[in-house]
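Structures for review follow.
The following pair of complexes shares a single chain, subunit A, combined with subunit B in the former and subunit C in the latter.
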Partner chain A sequence: MNNPFGFSPEEVVENTVEIRKKILTTNHNAGQGHTGADLSETDILASLYLRLLRFSKDDPQHPDRDRFILSKGHGVGGLYCTLAQAGLLDSNLLDTYLQFNTKLPGHPVRQKTPFVEVNTGALGHGLALGVGLALAAKKSGNGYLTYVLTGDGELQEGSNWEAAMTAAHYQLDNLIWIVDRNGLQLADCTETIMSLEPLDDKLAAFGMSVHTTNGNDPAEFIATVESLPKDDGKPKAIIAQTTKGKGVSFIEGQPSWHHRIPKGDELPQALEELAC
Partner chain B sequence: MLTENHTQDLREVMVQTFIEEAEQDRNLVVLVSDSTSTAKIKPFMERFPDKLVNVGIAEQSLVGTAAGMALGGFVAVTANAAPFLVHRANEQVKNDVCYTNANVKLVGLNAGVCYGALASTHHAIDDVSIMRGFGNIQIFAPSDPVEAKQIFQYALDYEGPVYIRMDSAPFPVLHDPDYRFEPGKVDILRQGRDISIIAMGSTVHEAHAAAFMLEEQGIDAEVVNASSIRPVEHEGILASLRKTGLALTVEEHSMHGGVGSLVAEIIAEAGLGCRLKRLGFVEGKFAVPGPRGAMRAHIGIDAQGIVTAAREMLSRTP
Partner chain C sequence: MPREMNPSKAEKPTRQAFSERMVEYGSIDAEFMVMEADIGGSTFTNKWGAAFPERYFNMGIAEGNMVSAAAGMAADGRTVVASSYGVFLTMRAVESVRTMVCYPNLNVKFLSSHGGVTAAIDGVTHQATEDIGMVTTLPNMQVQQPCDTVSARKLLDLALTTPGPVFTRLMRDPLFEVYSEDTEFRMGGSHVLRQGSDITIATYGDIVFQALEAAAELDKQGVSAEVIDMYCVKPFDTEALVKSLSKTGALLVAENHQRRNGLGYELAAFCLREMPVPFDNLGLRDTFAESGNYYKVLEKYGISANWIVTTAQEVLAKKG
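Presenting the complex of A and B:
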């Protein structure tokens, strides 16, 4: 099974511009959304869906598909816009984001949306779920890979470290844990609230094969994932260094944009920046 | 009928059922959190070492990993002490299992006050209440080896979340060999006219013994085994109560949210004129710790306490 698009890094980058426009417009129209988180993860999601993940466009539940878990479920707007850009979701549905009984709720719901694997939103759940999926693959002899995208503030949840221990203990080298390391959480910088550094040392000490990369550069991110060691008995942890709100100058690096949306003139300003 | 000399630990029944199901190629995996002895899982582990996953003392990981394995195609069973399952891993049960609708069977071992004097950190007297608060999960409390086997077989067949409340005590057989467990169906263990004693799990045996004691005093008690908490067919409970007019519920559980609450809801929603007394742990209080028998006597959920409560209810009935 392959990725149905197989885009080049350059093609992925072109699509990220459109995804970011969708995010800003969708959040603006919905009147709510986690704009900073959506923009932070855009390049990672685009790289996954347009290049890296092996799945079938026509059969979202194909048993051999790679699994992707958005543990930072509040970034679901970024996921919907990526799926829409890829044609995996009807773009018109973006107009229903967050509305009553929508197919696009404010956190991922697998019963509502195709290509959503699991219902996340409470932080610190995705990695253990990913461990279970990766362990199931090992035990059933299936070659799918399991990708989990966590935030960085999310790593303050102890459940992640339980799951990390389990992943290393069961030598889940088919598990790829991506940390969206934008350095911000709801209230402030992660290092101010509850410091995570030295994160790479911590992940390595838990038995991960650790790789640091630029999570806002699809070319570098894709190269990192595609050169991960295989069959080494170690789960992979990718520290994807990102900028929260990436792509729009007045949103970048601002904690207040965790769940702010573009209002009034902010939307055309932001869209114009992206067009440049 | 009660045969005290033939008792069996329901965990042994559970493990034997797992072995039989795995032998028949059931795509089963059992997850424990250092709870191999709690679950008495060794015979299964030795027979199918690859189908046993131990995540260590990490209940959040236990439930999350189980949900992930279920999404990966397995029937995932967790087996650990009920308090650490329902309390520590509460959010994983809610989101990863229930909300995601993962095919996970959560077995709450040594529920109620099985741990007795080890006190409230080890008690689970609110597990049914908590599970009833979640959407999407079926809830069962087997009372004897015959029923336990059938509940586990049903749970492994059923596609979706299930919670099974388990006791640590060996129990005699209450059911005839031709008994067939059906989810939702109310199980009348003993027919009676004067009062309905509706009990759950281990206290079904106390209710059963109490009915014999009451019979000697000229009171004809009906014993209802509420092993299927969700689903539950209201009409089964109502039919018994229309006949007797008195409801006495018994559970090694808080009065809040367990079988007493369930029966109260059923009575009220049906508009049935019927007196209800709930026996269980007093709402809003932790259990007074001590030997389990003494704890049960203290709140009147032993056979003698049930007799006393039944007689008191009948004495107030014109």
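Presenting the complex of A and C:
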């Protein structure tokens, strides 16, 4: 099973521009959303859905598909916009984001939205859910990979480290844990609130095969994932260094944009920046 | 059907009977997996681990991690049994139980031992006396408790063959055998263990035996008590309750749990809505229990046969 698009890094980059426009417009229209988080993860999600994940467009439940878990569930706007850009979700649905009875709620829900594997958004559970899926794959001899995207502030939840311990213990080399390391959480910098560094050492000490990359550069991110060691008995941890709010100058690196949306003139300004 | 009012001393606790049946069932159903949080010697899931090492996972002393991983595995279409003590499953792991398992309605089956004060010698840290309140509150969750070996074995089958999350509450100590082998159990079911016409005593788990003893004593006092084993706590058997109350017109609920948010509150709310009757319920009265002998703890906290007799008379006095 392959990725149905197989885009080149350059083609992925072209699509990230459209995904970011969708994010800004969708959040503006919805009147709510986690804009900073959505823009931070855009390049990672685009690389996954348009190049890396092996799945069937027509059969979202195909048993051999790679699994993707958005543990930082508040970034679900970025996921919906990526799925819409890939044609996996009706773009018209984006107008219903966060609205009453929507199929696109504020955190991922598997019984409502296609291509959503598990229910996340209560932070710190995605990695353990991924451990369960990766363990199931090992036991059934299925070759699918399980990708989990966590935030970085989320790693303050101790459950991540329980799951990391378990992943290493069961030698889940079919589990790829991506940390969206933008350095910010809701109120401030992660290092100000509850420091995570040295993160690479911590992940390595928990038995991960650790790889640091640029999470806002699809070419570098794709190259990192495609060159991960295989069958080495170690779960993979990718520290994807990102900028929260990436792509729009007045949103980048601003903690206040964690849960803000573009209002008034901000939307045309942001869209214009992306068009350049 | 129930044995004719002559329960015999049990040789094994329900936690053991349930897990032993699970090992038998492992050959009937080759798909389901079992997880535990390193108390397999106590939940008897170590017997499963020995029989089916490829379908057994000790997830370490990390119950939340175990339940979320079980949810992940169940999201892949498998049935997973997640086992621990009730107090840990319903407290430490409760967000995983609620959001990761119950919300998407996954096939995770909770083997929850040490329900109520049966962990008496271990004290409050190990006594699950709020667990029924926690799990019955969760949408999609089904909750059941066997009272003896036969029902423990049958409820294992029921948990595995009923879609969605099922929480089975088990006991630490061996109690009494109540049911004969050919008794049938169903989700949402109950059994009338003793017919009566003056008052209905609804109960489940270990307190079934206390209720049967109490009913025998009440009989000597000229009171005809009907005893219902509400082995399925959620959804409870409304039809059987209405049928019984139509006959007796009075209800006493006794359970090894806090009075608040247990079966007693559930049935009281139902009766208030549908058919108000004189009512009382026995359980822990907004208090933590003590360490010590199980029977002494039951007596001290008002969940024994003696208390059921006294309280039944008080309820009857309200009938007028």
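By our rule, the second predicted complex is superposed on the first by the 276 of 276 C-alpha atoms of A that agree within 3 Å, B and C clash if a C-alpha of one lies under 4 Å from a C-alpha of the other, contacts with A are read in each partner's own complex, and residues count from 1 in each chain.
FYI, a residue touches a chain if its C-beta (ideal position, glycine included) is under 8 Å from a C-beta of that chain, and two chains touch if they have at least 3 such contacts.
Because the structure is a prediction, the values reported are computed rather than measured.
A.B. asks: Looking at the superposed three-chain arrangement on subunit A, would you call subunit B and subunit C a clash or a fit?
C.D. replies: clash
A.B. asks: Answer with first, second, both or neither: which of subunit B and subunit C does A:I222 touch in the superposed model?
C.D. replies: Once the two structures are laid over each other on A, A:I222 reaches no partner at all.
A.B. asks: Return first, second, both or neither, reflecting whether A:L129 touches subunit B, subunit C, both chains, or no partner chain.
C.D. replies: So A:L129 meets both subunit B and subunit C here.
A.B. asks: In the overlay, answer first, second, both or neither for which of subunit B and subunit C A:V12 touches.
C.D. replies: Neither subunit B nor subunit C is touched by A:V12.
A.B. asks: Answer with first, second, both or neither: which of subunit B and subunit C does A:S159 touch in the superposed model?
C.D. replies: Both partners.
A.B. asks: With the two complexes superposed on chain A, say which partner A:L88 touches: subunit B (first), subunit C (second), both, or neither.
C.D. replies: So A:L88 meets neither subunit B nor subunit C here.
A.B. asks: Please identify the positions on subunit A that touch both subunit B and subunit C, taking each partner from its own complex.
C.D. replies: 63, 67, 109-111, 117-119, 121-122, 125, 128-137, 139, 159, 162-163, 165-166, 169-170
A.B. asks: Sort out for me which residues of subunit A touch subunit B in the complex.
C.D. replies: Those residues of subunit A that touch subunit B are 63, 67, 109-111, 117-122, 124-125, 127-137, 139-140, 142, 158-159, 162-163, 165-166, 169-170.
A.B. asks: Per the contact definition, I'd like the list of subunit C residues that touch subunit A in the complex.
C.D. replies: 33, 54-55, 57, 59-60, 62, 64-65, 68-78, 80, 95-96, 99-100, 103-105
A.B. asks: What residues on subunit B touch subunit A, complex-wise?
C.D. replies: 27, 29, 50, 53, 55-56, 58, 60-61, 63-74, 76, 91-92, 95-96, 99-101
A.B. asks: Which positions of subunit A touch subunit C when the two form their complex?
C.D. replies: Residues of subunit A touching subunit C: 63, 67, 69, 109-111, 117-119, 121-122, 125, 128-137, 139, 159, 162-163, 165-166, 169-170.
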